[in-house]
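The two complexes that follow have subunit A in common; it is paired with subunit B in the first and with subunit C in the second.
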Partner chain A sequence: MTARPAYGAFCIGLFAFSALAVFFVVPLFFMVVVSFYKPDPMGFYKVTFVWENYQKFFASFYYKVSLRSLYSSALGAVLVVALAFPTAIAVSNLSRKWQLFWVILLLSLMCLSEVIIGFAWLIILSESAGIPRLLEFLGLWTNPRSLSPSFWAMMIGLVFLGFSVVTLMIYPQAAKRDRSIEEAAVTLGTPPSRVFTKVLVPSFRPTLISVTLTMFVYLLGVFVMPTMLGRPKDWTMTVIISDKALGDANLPLGAALAVVMLVVTAITLAVALLAERHGQR
Partner chain B sequence: MRATKSLTLATGLAIAIGGAATSEELTISAWGGFFEETLAAEIYPGFTAETGITVNSIAQPEDSTWMTQLMAAARAKQAPADLSLVVDEVLFRGKEVGLWAKLDPANMPGTTALKDGYVKLDDDGKSYAVGALAFYTTFVTNTDFAPEAPASWAELWEDKWDRKLGIVTTPNSGLLEVTAKTFFGGYDVMETREGLERVIAKIAELKPQVSLWYRDEGQFQQSLEAGELNAGLYYHDVAMLSIWDGKPIASTFPAEGGIVSDAYWVVPRDSENIEAAEKFLSYMSRPEVQAQMARTMGVFPIVPRESMDLTDEEFSAVGSEIEPIRVQTHIHLREGDWLETKYQEMIAQ
Partner chain C sequence: MADLKISQLSKAFGTIEALRDISIDIEAGEFICLLGSSGCGKTTLLRLIAGLESHDHGEMTLAGQDLTAIPSHKRGIGMVFQSLALFPHLNVSNNIGYGLNLRGEDRAKVTAEVDRLLGMVGLRGLGERQISALSGGQRQRVAIARALALKPQIFLMDEPFSALDAALRDQMQSEVKRIQQELGVTTIFVTHDQKEAMALADRIAIMHDAKIIQVGTPDELYAKPNSKFVAEFFETSNVLQVSVDNDGVYMGTQFLGARAIGVLASGTNEIAIRPEAIELLKSDESPQTPGTLINQRRLGALIEREVDLGGQIILQSAFVGQGLTFEIGDRVDVRMDLSKAWVLSG
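Our next item is the complex of A and B:
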């Protein structure tokens, strides 16, 4: 009886693994290989082995851009989770009907493409049609200026992009949580206003950390928001990489920058997970 | 359900591929948006009516992206289009790696109407590209903010734009050449890297005034029309469309000249419709077709002015008699990555 499910699981696992190998590992391997080719300004690249693409990373402003990417993705991830977690809890405390409403709303937000969201925010933040014009109308701002492109416009875009995903990731667990713990805390004298920080945040800690890390990696790869809503000095590594690989047809340099970014991300995640494990002890 | 669906899809695909191989049809790509739409609506029908060759018009992305796609296709021995509209930088890079098919000038009698130098010839007398059109980039302004047209490119550096300039992010926009001609007495300064660094440093002085470094034309045009931007660099042809549309925009050729760029037709190496492509190129080079493109698309013709029936008014709408500023493509190709990185560093730091 037990052998068959195990066998089935093995088959599925093997299939998933081979799909991963073919569609993820093989392209990744090619990317690493291409990152050592020599870019050819007149053509594409020459098949030789050079380090120059990696040297460029440290010789130029690319390392600054990569630090900047890490910073904005990390900040974005923390903000997303800080907003989405209370929302998920609040939604889970509503009646069934309203819970359904919110879940459907959040799901439909996820259907919007990045470009549509970007354009919508561009209009909302513009001085001719958006919030600045509204503030002028209310007499709060005499000479309104467009609020984008700016760092915070980009951050709003990033947070908006991640918000519904994270809320829906946390919601199932929030809905199923054992509410008797919160009741017990109140009975034992915790003020209801502090139940959130004293009980809910600690009991969701592992979930929150894994969701934040997931969001961090997700936001690192976002391309549209920085180009549409950010200033050039907010552009992330993703923008620079696509500029290099597509805009300048310099695939080797683009690949090298992507490999560096991959390594940096892996190290960051590893450090975060180690710190988390250390913190638990 | 699913099986039949994919089956019909597969048959449809097979028919499409089979169809392309047998009937006289040309797949022609041009920059997506206004260019591609107008060519398909206004220019190609005349060619089809005359030759019976149907044209399948497709949109191509921004130049370097398209170049990357063409190269990938060439490796797979495929041609995404039989003809493609490219700027000279793409033309020369593609030539270097043998991306373009060889055409016989004898089969394209119409091309003799073009100005000298627009039929690009190999050492063996075969042609690898034919000029398509030229287009200008000018100093555009929002007339609600700046009712007077700027006289010189130097005004871009003046402290009067209320921090609302829009400038292209790529170094081959022509701004380097504008800066060299306006402030350094010509393009010679661009011959050395030190000189280029000085020019880039001059462009960096614009930064406090620039609110949008754009790569997407749509975003720039929308912002300029709405008054979110007051001035910038933009394509003359699309600016003219906005003006005819009644938008508060002016497109000015300053004293130093507008920036002119040439576009060429190329045939990707693996195209199987060389003969039809040659007929097309011959047709497109005729003075009357060049004049028609000037009228409908606002682009600058590349045949001598006296061979066309354009009125003075029509001619001055698409160009100017002032000696234009030319993008120094040889420098951009030579300095390639170095220049792009320096430029990007200047903008993004």
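Our next item is the complex of A and C:
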């Protein structure tokens, strides 16, 4: 009788493991294998073991692109969380009716496709119809020009993309937090204006680090925003990989770049988590 | 330490009246319990004193200074919250020293003060522990030490022991009483447990329906509750609806005893009588006040009995070994010492 629950758990575990293997491990294995094949200018690749795809990464501009990708994703993730956390706290402090309104609004934003968001920002940042024209109308900019493509236009797109996701990730915890902790801080002499930085941010630190890392990984993989709102020199590694694998039909090089990015991302996350653990001690 | 004077204080949340014309003077160094059932307004009163809510009407002064004009973070009030509200990101020492650090006190002074407080609450050596690694009782002690670190003028506690088991609650009550007497800090303690209030307080303020309905020492409240609510809340008095004439005192048609001159006026009265003012006799063929024993239980040195008296259940108590012994179901003759009864106000 007691064996049944254990058997059920084993079956569920086996299913999860199989799904992970089929959808993640097997494609990853093939990607690693292909990354060592020789590119064939006439077609796909030749099954020959070579290092040249990896050598290209360090010998050309690719390592700069990957560093830039890490930088823009990290900056984007920090900006997203810096905006989303106070928003989640502010929403959780509203009446139930207004909380529901904001949650529905944020969910609606999540439903928008990346392409639609990208086009919307193209218009908003454009010279003819967007913010530059408005600033000219207000007399604040005499010779307006389009604000996109640019690094900060791409960053706005990335932040907008992650904002609703992160706000909704933090919101449940913000809503059920023990508000008496903030009141305790006030009775102990903390001015209300400093409660956010003195108590809320530190007590949410594990959550904030976790969502920042999640957003960092998510933004590394974003493709549309860099291509629509960024200049070619702002393009992230995802765009370059896609360009090499699909545009140039150089699948081995694309695979090698993807493997390197995977390793670099894994190392970055490991270092961040170790630093967080060290900081907790 | 300072006197706290509250006068005609009122507070409403929308259409719900949380406090109505609350007036009470609390002397310096006094330990006062706000006692009442859930929703009676006792936590709201505590939060108004702490400055965590704003009042609608009335006055509050601390040592003659208008307390309502001072923002919460400058009131110099220490508070222990029901949830304890310890900072999860700080260890025990940093929780206790939070207010001192915020005030910019010298690091050595903070360390010395935190060590002193750790010793006072019996947590010496646990300063580096994370809050999550503490037991419930230890967390209570940290919350108390943290609230007392700034040497507050008033120490507020909002049902701090409600989540503890009975043994730990008793222990913490003794600790709190000891610390309060040691420091002489004016303390206001919110509870819905009348035994806790009786054990701790110099005076108890009974709250009901957004009002304070009686204030007194535990002995005064126990001996002479002034209303049916207080009598029933303390569960220590029998409340009876009686009619009094020259012949005697009746509950319905049931004769209870001769009229006690000067105690009960003629007419209909709601009276209270303590269980120990009632005696049970073996029922003979013509009992004066017949009843049936329906339950009895030992409470330490006391035995408490429930008697069905014409449909009304009354409590009677006596010391074990004093008086007669009975079995459940026995017919008994109930004798009330009506000179010890008193009339309730409402």
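In the analysis below, the second predicted complex is superposed on the first by the 271 of 281 C-alpha atoms of A that agree within 3 Å, B and C clash if a C-alpha of one lies under 4 Å from a C-alpha of the other, contacts with A are read in each partner's own complex, and residues count from 1 in each chain.
In this text, a contact is a pair of C-beta atoms (placed from the backbone, for glycine too) under 8 Å apart; a residue touches a chain by one contact, two chains touch by 3 or more.
Keep in mind the model is a prediction, meaning the values are calculated, not measured.
Because the two structures share subunit A, they can be overlaid on it, and in that overlay subunit B and subunit C fit beside each other without clashing. In the superposed pair of complexes, A:199 makes contact with subunit C only, with no contact to subunit B.
In the superposed pair of complexes, A:232 makes contact with subunit B only, with no contact to subunit C.
Look at A:82: by the touch rule set out above, it reaches neither subunit B nor subunit C. Once the two complexes are overlaid on the shared chain, A:253 sits against subunit B while remaining clear of subunit C.
When the two complexes are overlaid on their common chain A, residue A:183 makes contact with subunit C while staying clear of subunit B. Between subunit B and subunit C, more residues of subunit A are touched by B.
By the touch criterion defined above, A:128 lies against subunit B but remains apart from subunit C after alignment on the C-alpha atoms of chain A.
When both complexes are overlaid on chain A, the residue A:100 reaches neither subunit B nor subunit C. Least inter-chain distance for subunit B and subunit C in the combined superposition, rounded to the nearest angstrom, is 44, based on C-alpha atoms.
Shared contact residues on subunit A (touching subunit B in one structure, subunit C in the other): none found. Taken in their complex, subunit A has these residues touching subunit C: 178, 180-181, 183-192, 198-199, 202-203, 205.
Every residue of subunit C that touches subunit A in the complex is listed here, in rising order: 50-52, 71-75, 77-79, 81-83, 85-90, 98-99, 102-103, 146-147, 150.
Considering their complex, residues 39, 41-44, 56, 60-61, 64-65, 122, 126-129, 146, 149, 227-228, 231-233, 235, 240, 243, 245-251, 253 of subunit A touch subunit B. By the touch rule above, subunit B contacts subunit A in their complex via residues 62, 64-65, 67-68, 71, 92-93, 96-97, 169-170, 211-213, 215-216, 219, 223, 226-228, 333-334, 336-337, 340-341, 344-345, 347-349.
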